[in-house]
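Two complexes are shown next, each including subunit A; its partner changes from subunit B in the first to subunit C in the second.
Let's turn to the complex of A and B:
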């Protein structure tokens, strides 16, 4: 488990104020790169925590559903335009971002993913596809500037980023549906 | 086994409670999903005082803000080089102005457009803008705050966020602000809803007792 040290190094590196400020200066990097990286960090840290506290995960997340719910709640919270603004203006929201995305989204997602059924997985992907389409629509066609810390053009860029991600997820759903169909013939 | 079941039920409850609390706190009790909405709510609670600043208007007249004491002041923040929101903001301000009865305009309320670009918005430039907006220059004045520190203090207190971009423009949030006779901010209104704004102003004026 040597790789874990790289993950921890990356985690600390991303939290360094100059690095965090740089990534947060561009809206789309803030949301689609920095935030995603924090979730991935949690995802990569999960095996260590699962090994250390196996009973905890078994007892509190036996079928994976509470973990998935927690993941969804935290992700939805961070797609609110206001959360993103406040992460820039208030230090404790920023701190909450650094903690919640890895440990309340990344870790539970990994722990739950193996436990839940295929239909829950597909449901989750479809849910996020819908969310991302809605967010893309909101950010691109909103008549108002939703975030006070970013320019309107940044907001529109982010909107297209959301739509693009949604398109990727749709093609994934289509791909897995077609391959499933092929296997069952 | 029973204990495990209980724990798993408890975990649902905990997650749900966490979610509720998180969203409740994050949106001020489900009222503000953007920080602009939160800002407006907060301003209405705080009713900050308009700080003591010195204005220089389109005619080059210099006076403190307290010049308008005893009147309500209807304020917008803009800059003349702005090509996007400000012309709409100021045109909408003109609509509100036209909707108010004449005696109210004469006696009870002052219209004031404040530029946050004092360097470029000299009195001459402001006067051209005034002309374009067809304002009389008395009941509706254009002004800049030459002292940057005073300007910053005002913008900060009224929650106006101005971000300069790389092309010499500013991104900024816009609204109608209403300051009462004592110089306190009492209302922040949506600048796109002019009729609503005019009604709100009239309600407040009538509530506050016309002179």
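Let's turn to the complex of A and C:
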């Protein structure tokens, strides 16, 4: 459990104003790196919370579906251009970002992942692949600036980031489809 | 020496695991080309070092830049790649129960494609139409034939990579639930990097060819440079991974020890595969067009690659100390006396490892923003890669050759050749320390790299470099003697040494080793993670370079 202190240290480090400002200065790093890191922090914190509040998770997330739904809603919310703008302009939305991504996305994802069936897992990856393709399309080919705080070039970069990540996810889906992980390794 | 003699007679059972003549021929061919390349490339290096020190005037038909290009290409592309492939194909053959017939065929097709490509590339170099140096990115342009040659070299590499993948996949199909043997695990990692690392350079070269022919007027220099370094840096780490594979797998056996942690070894390979390609950015620290914040974040990526190296250093010294203590070594450092110092198969890789301490530290200096500004484009950089490639990697290759060449030739390492190897190792070490040390120092004093000898109208600062350049020439001369000894030893072991059985010295794991988890075998996942990381790292600068592209550059011939 010593590892938990490293996770908390990383969590605090990422929230420090100079670090947060640096990461938020580039649109793609804001969305694809900072936000992802917050989700990962929640993912790593989950075992401690599961141990501390086992009843809570049993009661509210018995089969994993509520957790996955919460994860999807929170993630979809943070892919909206407007939510990023607000996080930069309003301090309480920034605070909401710091709290929602670890605790309403990372923690429920970890708690649900082992409870849901393989088809839900694959469905989730496919859903996010489709979302990423759609977001890539939107950000690359939108003629207008979608975020007030970022330039058009930032937006196009983010779009390509979405598309490339989607390509990687498709490769992963193909890989897990052709390889029986349980048997072959 | 005792250890060597004993090994001739023990492990008779190893005969059964020997290499088939067809597979041995592949490795012998690759190694022969590698060592011929070092002979020619080393001679060119000597000419160049003498010229750079102002001691030797080159004839008009062989100017400094032409010799530099040939030297770089022979040693960086030919020697290292041919040795790596020959070595790993012997490892695949030994550990996977022989190469498949179709893989053997692919290895030969790849061999001839590489040779053909190399001949195509060398012709314009000799004609003086391709003095673009090993870093062949625009705006300097060579004759189109040079780039077409490079295409064939890359295609040859891909042939070899896919050959290795087919052989490993076939083995996995027949050995479900087992770990890939450790040397083949390293080979898989190296060929994955060779394939994915050469993709960017293939794109770069396909983009350069129409420009070199004049079909398109201009080229995006920054895109080309970025694609080149994605490959260039990966290539560096491919040699390094080849060298550490010998440290992890063979050196423990040579000192009569065991491999220290199979799991750690495999995690080091995986970490190097995933994080490697993006390291290309630290070669572009003073390039324009990449914002400071992006460069700053890439420092983390580059330093992350240092982490598996620290794990390697720990593992190696753990093996040494454990083995020496088992043999009765005592004291805090007294155990080092129990190491087989008289065995070249140990001594050469050991000095290679020690050299990596300053070499790795120098690498960290260069990937740090401010320090890079001090040494960038100075002779320091040349000193750095002579220490890493010329010492850490090449000395490991030399050490390996003393058992690999006899193994594939069905001969033995004689005490005389072992002694020659020890002398060679000492000559090489002294030569490289002198040369690389002088290069580092004179670089700090401001002497530029990629520049032929000049006193800059007898400028006092430039004249102050001369004593160091003199050391460079002395070191270079010693290295040439080292090359001659090494090449003699290799061909002696290949064709003239007494016949006999040499073992393929794969070390066993520790008896009480914890079993390695099976997730280390998920190569598909590691590749997807690597691709994701590469996408994330390259999307910002590449989109910027392409969307906000400057007018582009016509081809330049500066020589």
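Couple of notes before you dig in:
As a working rule, the second predicted complex is superposed on the first by the 179 of 185 C-alpha atoms of A that agree within 3 Å, B and C clash if a C-alpha of one lies under 4 Å from a C-alpha of the other, contacts with A are read in each partner's own complex, and residues count from 1 in each chain.
The definition used in the following text is that a contact is a pair of C-beta atoms (placed from the backbone, for glycine too) under 8 Å apart; a residue touches a chain by one contact, two chains touch by 3 or more.
It should be emphasised that the depicted structure is a prediction, and the values quoted were computed from it without experimental measurement.
Following the overlay on subunit A, a side-by-side fit with no clash is recorded for the pair subunit B and subunit C. Once the two complexes are laid over each other on the shared chain, residue contacts for A:172 go to subunit C alone; subunit B is not touched.
After overlaying the two complexes on the shared chain, residue contacts for A:161 are found with subunit C alone; subunit B is out of touch.
Rounded to the nearest 10, the angle at the Cα centre of subunit A between the centres of subunit B and subunit C is 110 degrees.
After overlaying the two complexes on the shared chain, residue contacts for A:15 are found with neither subunit B nor subunit C.
In the superposition on chain A, contact is made by A:29 with subunit C only, not with subunit B. Put simply, the nearest alpha carbons of subunit B and subunit C end up 10 Å apart when the two models share chain A.
Counting contacts as defined above, no subunit A residue meets subunit B in one complex and subunit C in the other. Taken together, the subunit C residues at the contact with subunit A in this complex read 172, 176-177, 291, 293-294, 296-297, 518-519, 521-522, 524-525, 527-528, 531-532, 535-536, 539-540, 543-544, 547-548. Only residues 4, 7-8, 10-12, 14-16, 18-19, 22-23, 26-27, 32-39, 161, 163, 165, 171, 173, 192 of subunit B touch subunit A when the two sit together in their complex.
Residue ranges of subunit A in contact with subunit C, taken from their complex: 22, 25-26, 28-29, 32-33, 153, 156-157, 160-161, 164-165, 167-168, 171-172, 175-176, 179, 181, 183-185.
Across the complex, subunit A meets subunit B through its residues 59-63, 65-66, 69-70, 73-74, 77, 80-83, 85-86, 89, 143-152.
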